[in-house]
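Two complexes are shown next, each including chain A; its partner changes from chain B in the first to chain C in the second.
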Partner chain A sequence: MGRPQLIRWAVIAALLLFTLFGLPQLFSLYYIDSLTQVAVYSMVTLALGVLVGRVGLISLGQVAVLAIGAWVAARLLFATTQPYPLVLLEAGLVTMVAGTAIGLPALRLRGLYLALITLMLAGAITVVLATVNFPNGGHGFTGYNGALINIPPIRRPSVAGADPAYFRYSVLIAALMFLLVLAHIRTRPGRAWAAIRQSEPAALAAGINTWLYKLWAFALASFITGVAGGVLAGAVHYLYSIDFPTQDSIILLAVVLMGGAYSLWGAVVAALLYQFLPALLNNWGVSADWLTILFGLGVLQVLTTAPAGLADQVPKDLARLGRLLLRLRRPPAPRVPSQGGTA
Partner chain B sequence: MPPWPDFEPFIVSGLALGGVYALSGVGLVVLYRATGVLYLAFGAVGAMGALIAWSLTQAGAPGWTGWLACVAFAAAVTLGYGVVFGPALAARGPLVKAVATIGLTLVLYGLMDLLWTTSGGEARSITLPTDNSGFVVGQVQVNWTQVIALAAGVVITVATGAFLRYTKLGTAMRAMANDREITATLGVPVRRVEAAAWLGCGVLAGIAGLLLADLVALDATTLTFLVISSLAAVLIARLRSIALTFAAAIAVGLLHDLLTPITSVTNYRDMTPFVIAAVGLLVLSRHRVMAQSREEA
Partner chain C sequence: MIEVEGLTVRYGGVTSLDAMSLTFEDGTCGLIGPNGAGKTTFFNVLSGFVRPAAGTVRAFGVDLLSMAHFRRARWGVRRTFQTEQAIEELSVFDNVAMVHEHSGAGAGSRRRDVLDAISFTGLDVSPETRVRTLGAGQRRLVEVARAVVGQPRLVLLDEPAAGLPDEETSHLGEVIRRIPEHTGALTILVDHDMSLVSACCQTTAVLDFGKLIASGPTATVLRDDDVIRAYLGVA
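On to the complex of A and B.
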């Protein structure tokens, strides 16, 4: 490991430690809750980023996948006394199977058609969920009893009952998911995905099993989104199908493109845009509609001028700004003497 | 299974809905063939046009000014978007072009929520003068708006087919659908033909918005995302054939409404477009991978 890399990991570790122990001290419960959502949605945007940025598959149905994960986790949490991490793992695996089963036929399609069929399937899943409802402690397969009062909350892990503790828990799970993706990107699947993204025929010609690796990406993304659904279930305590509208999948894609689909930091930026910014604006009394408009303009801006998103653009712009400031402070020597005294 | 007479009114409403889907679908297909853009903001511009029409009527303006404003707004926004962002994204793949229109959708959606706030619980509606008069077929009341909706779908489909086949502009559009570069070298003013396609699609978006606001509901979210139902029809036609688009649109509208009286599945009827599109696409793509790489590049 070279020195720059060492520094990089040290910075990441410091950031993570600050997030875990510093942030809960600094912010009120309102923001802690919102930051928990950021942790949850950073996993969702991470998964979508893998699909969009690494493999070049656009999915317009990730919110439906998240809903499946949340549903499975809620059902298991009500039905069993299993430890929370086990439930998360199971929710992730069930969602992975479901997502792969959906992805399997859809992978025959490419590009625009794939994006649209995921939108259609997400719409169908949303309708089913609206009719089946989320478990609320009832019996039977669906676990829904139609009760409107005395609904038991979805439980949290015993070590993370309070909001700050659950925030730390969510961040740790999210960090694990980021490591999982990093492990994929650095190894064989990551290289195969990069080849597929560049050109599928070329990848095929290079002997890459494109079908397998595309399905693998779908499975990984579904797993991570499913785990995120499990964390979400504990975070909000009560789940309703209206919290997962189909159009949110579209907004999610917009923020992922804005944040930057090609870097892992982009996922964090996207989640902050998607969950923290609304909380901030809400606290300031600004309508969330401005945010929707901003996201729309952001998508247009990113697609026309900055394809790598904010995570790529902002550091570059900052560097440019830094160079500009430096030049202003120390004006180039040769020009000054002839005129003199310009202060 | 309920008795047959229960279904009859739903045949009428289903056909009307299918007519509007067909009109929207034809607009989407023609624009896609001519410019390579799948215009996902189709529902949003129509919705905003309908809300503007509503506001004008509330302010006391005569109804027809509202309808004109609705169509003019949708046409202007669509043309404006096409002129500004069309050339900028012309070299990108269809996926990027489609996602960019999601940007426009979000901007319009945010504006609608901001200007016509929904939290007040105020129910809005647009009534066309054709709502109150009609005739009776068998035992079913049919109003003229429903007739207009279906007729508009048929007329637009036939007229567009003839336009593409027999006029110079239509031939130019078909040529561009085949190959933009070669068409340009043949001396066709590519930008102007594209602008014409954008304008036509915008006009159809306005008409569809107005009709759907009357037939379904005047609600920003509903109307914005109702485009997904037309998309289902367009997808079955694989963004190609307008005749197939028409048939699929009628099927989607009809099936959706016919499921309403069947109690066991009525809750699932909103799945109709999604399921039809998904099954249709998968069956159609069984033998070959769709979207050739050149189209995607």
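On to the complex of A and C.
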């Protein structure tokens, strides 16, 4: 590993440690809950980033996929005493199968048509979930009992019952998902996805089974989103289908584009925009509805001036600002009188 | 050796390749013709992107047309495109490794094979360099490295020198000329630069409006009256 890479990993480790142990000390429970949501949604934006940024597949159904993960996890948490990590794994795997099944017929499509199909499928899933309802401690397959008065909360892992501990737990799970994606993009699937995004004919000519690798991307994205759904179930304790509106998938795509679909940092920025910014505005007494307008303008700005998103643009702008400040602080170089005559 | 027999491709009412029959002997062969002559269509048939209306292609005794497109790379077909396709966000090494890992060559020799392919092209940058930082000529060399890695049997180069200055074209020509002896692959070069075709190809075939109008030793073909007429439009 080269020196710059070592420095990068050291910075990431320091940031992670600060997030785990520093942030819960600095923020109130209100913001810690919001940051737990950021951790959850950073997995969702990470997964969407894989589809959009790495492979060029636009999905507008991610919130429905998240709902599937949350449903499966909630059902298992009510019905069994399995350890939480095992439930997350199972939620991820079931969602992976469901998400891949959604992706399967859509694989022949690209761009707008793929987006449309995924949006319609997400709408269908939302309707089904509204009918079936989220488990609330009842019996049977759906685990829903409408007559229940004292609804039990969805349990959390025994090591992370309190909000700050659950925040740390969520961040660790999110970090694992980021490592999973990193392991993909640094190796064979990542190279194949890069080739597909660049040009599908060229990828085919290079021997890449584009169908298989696109399906792989759908499977990975669905798995991660399913795990995120499982973490969300424990975070909120109670789940309702109204919390997963279809149109949120559109906002999700907007923040992913704003944050930066091509970098892993972009997923974090996108999740902060999606979950932390509304919490901040609410606390200041400003309606979070304004964000829809702000995100619209943000996407417009990003698409026209910074296609790689804020994760790419902000460091560049900061570096530019730093150079400018340095130049202002330094006195101008004295003029050297020209020596010798002209030719 | 590649034997093409009665190959016909139609797009609606347009016949892009009209009963093309030709044998490509080992070495580097040129394939030339005016725009729209059917050269890229022929490459698209060999790559599996276009299904011909009629005809057969036997490459080293194998029926190439019955193979799924993505399996042809594993068998040994490599190809470059008119528009440059090196992947900007990946390093030079990863660009070439991407082809190697789908070529059927073992992972054990990957690093050595990839570095060997890069050094074969004479690309004088670190393999870890991102392709987005390279110039046009260097990117074309990355594409050639991708085309020669992992035991290719058939290398198809579609206008690899398009838009390059003379100096870079002559280096590229040098590299292309050495592909058959370095890899053992039959190489077909499509280009409009006649000096490049003359420098690289022992034999050349000429297409015009989908029909094969000449084939044989390059020097003879380039002096052929029909070929001159097709290119210059002399009556």
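Just so it is clear, the second predicted complex is superposed on the first by the 330 of 343 C-alpha atoms of A that agree within 3 Å, B and C clash if a C-alpha of one lies under 4 Å from a C-alpha of the other, contacts with A are read in each partner's own complex, and residues count from 1 in each chain.
Operating definition for what follows: contacts are C-beta pairs under 8 Å (C-beta built on N, C-alpha and C of every residue); 3 or more make two chains touch, one makes a residue touch a chain.
Every value quoted in this text rests on a predicted model; they were computed, and no experiment measured them.
Annotation: superposed three-chain arrangement on chain A; chain B versus chain C shows no clash, the two fitting side by side. Once the two complexes are overlaid on the shared chain, A:Gly111 sits against chain B while remaining clear of chain C. Of the two partner chains, neither chain B nor chain C is touched by A:Val97. Once the two complexes are laid over each other on the shared chain, residue contacts for A:Pro201 go to chain B and to chain C alike.
In the superposition on chain A, A:Ala175 makes contact with neither chain B nor chain C.
After overlaying the two complexes on the shared chain, residue contacts for A:Thr210 are found with chain C alone; chain B is out of touch. In the superposition on chain A, no contact is made by A:Leu89 with either chain B or chain C. By the document's definition of touching, of the two partners only chain B reaches A:Val127; chain C does not. Legend: residue contacts after superposition of the two complexes on their common chain; A:Leu303 is shown touching chain B, with no touch to chain C. After the chain A superposition, the centres of chain B and chain C are separated by 80° when viewed from the C-alpha centre of chain A, nearest 10. With both complexes superposed, B is the one of chain B and chain C in contact with more chain A residues. By the touch criterion stated above, A:Leu253 is placed in contact with chain B alone, chain C being left untouched.
After superposing the two complexes on chain A, the shortest C-alpha to C-alpha distance between chain B and chain C comes to 12 Å. 199, 201 are the residues of chain A that lie in the contact sets of both chain B and chain C, per the superposition on chain A. Across the interface of their complex, chain A is touched by residues 47-49, 69-74, 77-79, 81, 85, 87-90, 94, 97-99, 101-103, 146 of chain C. If you check the complex, the residues on chain A that touch chain C are 188, 191-192, 194-195, 198-199, 201-202, 204-210, 262. By the touch criterion given at the top, residues 58, 105-106, 108-113, 115-117, 119-121, 123-124, 127-128, 130-131, 199-201, 246-247, 250-251, 253-254, 257, 287, 289-300, 303-304 of chain A touch chain B in their complex. By the touch rule above, chain B contacts chain A in their complex via residues 38, 85, 88-89, 92-96, 98-100, 102-111, 113-114, 221, 224-225, 228, 231-232, 235, 267-268, 270-271, 273-275, 277-278, 281-282, 285-286, 289-291, 293, 295-296.
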